[in-house]
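The chains carry the letters A, B, C and D, assigned in the order they are written, with residues numbered from 1 in each.
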Amino acid sequence: MLTKNEPAENEPKETSRLEAFSDGVFAIAITLLVLELIETLHTQTNDGLMQLFVTHWQSFLAYIIGFITILVCWINHHVALEYIKKIDTNFFWINGFLLFVVTLTPFSTAILAEYLEKESRTALAIFGFNYILISIAADSICTYACNHHLIEEKHREFYASYKIIYRYAIFYNIVAFLLCFVSITVPIILYVILFAAFAAPKAFAARLQKIKDRKKKKIKRTNHTPGK
Amino acid sequence: MLTKNEPAENEPKETSRLEAFSDGVFAIAITLLVLELIETLHTQTNDGLMQLFVTHWQSFLAYIIGFITILVCWINHHVALEYIKKIDTNFFWINGFLLFVVTLTPFSTAILAEYLEKESRTALAIFGFNYILISIAADSICTYACNHHLIEEKHREFYASYKIIYRYAIFYNIVAFLLCFVSITVPIILYVILFAAFAAPKAFAARLQKIKDRKKKKIKRTNHTPGK
Amino acid sequence: MLTKNEPAENEPKETSRLEAFSDGVFAIAITLLVLELIETLHTQTNDGLMQLFVTHWQSFLAYIIGFITILVCWINHHVALEYIKKIDTNFFWINGFLLFVVTLTPFSTAILAEYLEKESRTALAIFGFNYILISIAADSICTYACNHHLIEEKHREFYASYKIIYRYAIFYNIVAFLLCFVSITVPIILYVILFAAFAAPKAFAARLQKIKDRKKKKIKRTNHTPGK
Amino acid sequence: MLTKNEPAENEPKETSRLEAFSDGVFAIAITLLVLELIETLHTQTNDGLMQLFVTHWQSFLAYIIGFITILVCWINHHVALEYIKKIDTNFFWINGFLLFVVTLTPFSTAILAEYLEKESRTALAIFGFNYILISIAADSICTYACNHHLIEEKHREFYASYKIIYRYAIFYNIVAFLLCFVSITVPIILYVILFAAFAAPKAFAARLQKIKDRKKKKIKRTNHTPGK
């Protein structure tokens, strides 16, 4: 589907519109979460105002979780697209899949808010399934950008670290998802660790890069010592 | 309505705001679809959570169809506006018509979700009517841009291919729309083919351009053979 | 409140964010209109699907009117801000007032949809009041930009034409508003004319400019004939 | 979490996406307020249209307050980010906290609309708590930008004035919040003063800067008089 037969000078413009559209989707998805919070005001108006915060604590917790999830997604999307200079039609679709999962997040958050007490495991598993989809989308973006030379050659090695962290995240999320059917606390702890790691994807990837560099040097040294 | 008597140096700025506004509308329309999904949580809370996915399968199917529809629209809008360097007031209105149809799409999607089982043919026909409007809007944008020299001369021939594919799409959509009153499976197959074709409009137009070039060469050769 | 004591080199950036924020508000306001349309699906599900379009014709009419209103506003905002190169804090507030009226428009539209049959005159008058506010906001933006030299000197004379058309629009809208309490058809005709005039504000202002130029020349000629 | 080991040339792009995302969130939050206003139309349709404005006056008042709050936030965000040229991952999170509070504002506004008559003090206190969070977020942004040298050296001193006004705003808001439990009119007056002061943060900071400059000169003069 790659289109190579038309002029290339328009390509920087392409990235900016993709970013503007994606930013719009992220911004709306993160702000729509509040509608579910406002909904709680309409369902129950007989009790006192402070009582509302007590009865609907799951809505508030879900709101915070949903907000952080989409914010982490946006930060990672920002970082992943930073080095991408040109895009093609396939990339629109891979990015579109990520946006699809992002727009689903307010729905998963609403499920969390309404079923956290009644069916806590299923509700958590659905949210966990959302995370699996997010990590698959993030991995697809990085892998495609890497393999199709959408990023500048000098940044490619650093970028490969992103690819690795998102690939690992898929397996991590599958494990956390399966644990949802057995326990509640274990997957929650796993998700908190996940948040902490992907809160600063650049630093995370840079740390990984350093470890790789050190390993390489070691291998180089062990290979070269007899020769030199 | 074309305004020629004021300075032209501001025109690149014009395109960027039109794109920003359009991107906003696309982003919101595609994200609002999730509200209909969240609605399903409020209408029926007695059943189990997994039961919800079974009873409301039409809502989820409609959500996916609506999302892909608006994403395809955005990709085509992006590609159509890529070569347009200057715009006039008429173009605002033609683009406004496209945005009008895009903002209607969440409504058609909601109809699909609620009436797919009860009145499947009518619901599909309404969604099909939406497609006719989209293709008319896309055709209008390309035809206007071509005829009013809003695109650079060197890209004009390539751009003419867009005009042709969107023109054909109108007739294609009218046929599919009429078939909705007779059958369900036939229009669905037609729409899937439509999605596949317009998923990568650039590649689609480039392929068309190649066929045209080949034909031209053939005609040239047949015309020139006796002369040379 | 004008701030003159800090560096000026950041000012082009200022305009772009104001436009981005305004575009966002316009895009959301225009897309939120569809929610009222989707609402009609939830209030009445017993009748057939085609019946829905018959019973809720006011909602569809209001949707179209609301959409065109906000689109006309956006086009006029775009044109008004095109020549503005620098802004100050006061301008944020004047622009904020316009955005306030724009965000109110979905509410006026919803009133139109629900009360067009029951209390047609009051519903129309409320929508008319919205138009008065819009024209006051548009006039304020142009007058402020003109008087505080926010636009380049060479465009100032042309820009003054905008100021005049928006000033006249205020009085026009007040008359139309008052007529709402007496008649239904007369204000509707007046609003259609208003739409047609402000659909292309640039051409409208250019035509006005031409008339002014012709008058000037005439006066010049009559003044100079005996002298020269 | 600061990432220093990758290239810096992409940084101007970073700020623009952060601004675009933030603008999106501000624009949506400010426009979503109208949904609460439209809600009033659905809850009560038996009375006349003019009666609606009388019964739901709190909704309209809350709408205006919510709109001004988010607009003031946006103006201050705009001014605070104007001089920031580069950002890091921590800044995403500090900005994310501000956006979190901004998205909460439609919820606080909805509380104000529904509980202003029933539990006026609690409703006002919740809105006041929202203000405390906003001022903490604004202070965090300025303090972090100042301390981590995200702004150009030449603007740093001026920028420090912002830091001071937002720091004072925290304490001011805490006092106003506590007064909500005792009185209604006193905190309202305090909030009106707050709005007036932060309506033009640049002018406010410039005035503060002038006072500081005058003091400095005085100190200099008193210190230098015996020496010279």
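The rule is simple: contacts are C-beta pairs under 8 Å (C-beta built on N, C-alpha and C of every residue); 3 or more make two chains touch, one makes a residue touch a chain.
From a predicted model like this one, the values you see are computed outputs, not experimental measurements.
Both subunit A and subunit B derive from one sequence, and where they touch, under half of the residue numbers involved are common to the two copies. The greatest centre-to-centre gap from subunit C, using C-alpha centroids, is found for A. Rounded to whole angstrom, the centroid-to-centroid distance between subunit A and subunit D, based on C-alpha atoms, equals 28 Å. Centre-to-centre spacing of subunit B and subunit D amounts to 40 Å, using the average Cα coordinate of each chain.
Among the residues of subunit C, those touching two or more other chains are numbered 20, 23-24, 27-28, 32, 35. Here subunit D touches subunit C in the complex through residues 19-20, 23-24, 26-28, 30-35, 37-38, 41-42, 45, 48-50, 67, 71, 74-75, 78, 82-83, 154-155, 158, 199-203, 206, 209-210, going by the rule given at the top. Within the complex formed with subunit A, the subunit D residues making contact are 1-3, 5-7, 10, 13-14, 17-18, 20-21, 23-25, 27-29, 32, 35-36, 39, 89-90, 92-93, 96, 99-100, 103-104, 106-107, 110-111, 114-115, 118-119, 122-123, 126.
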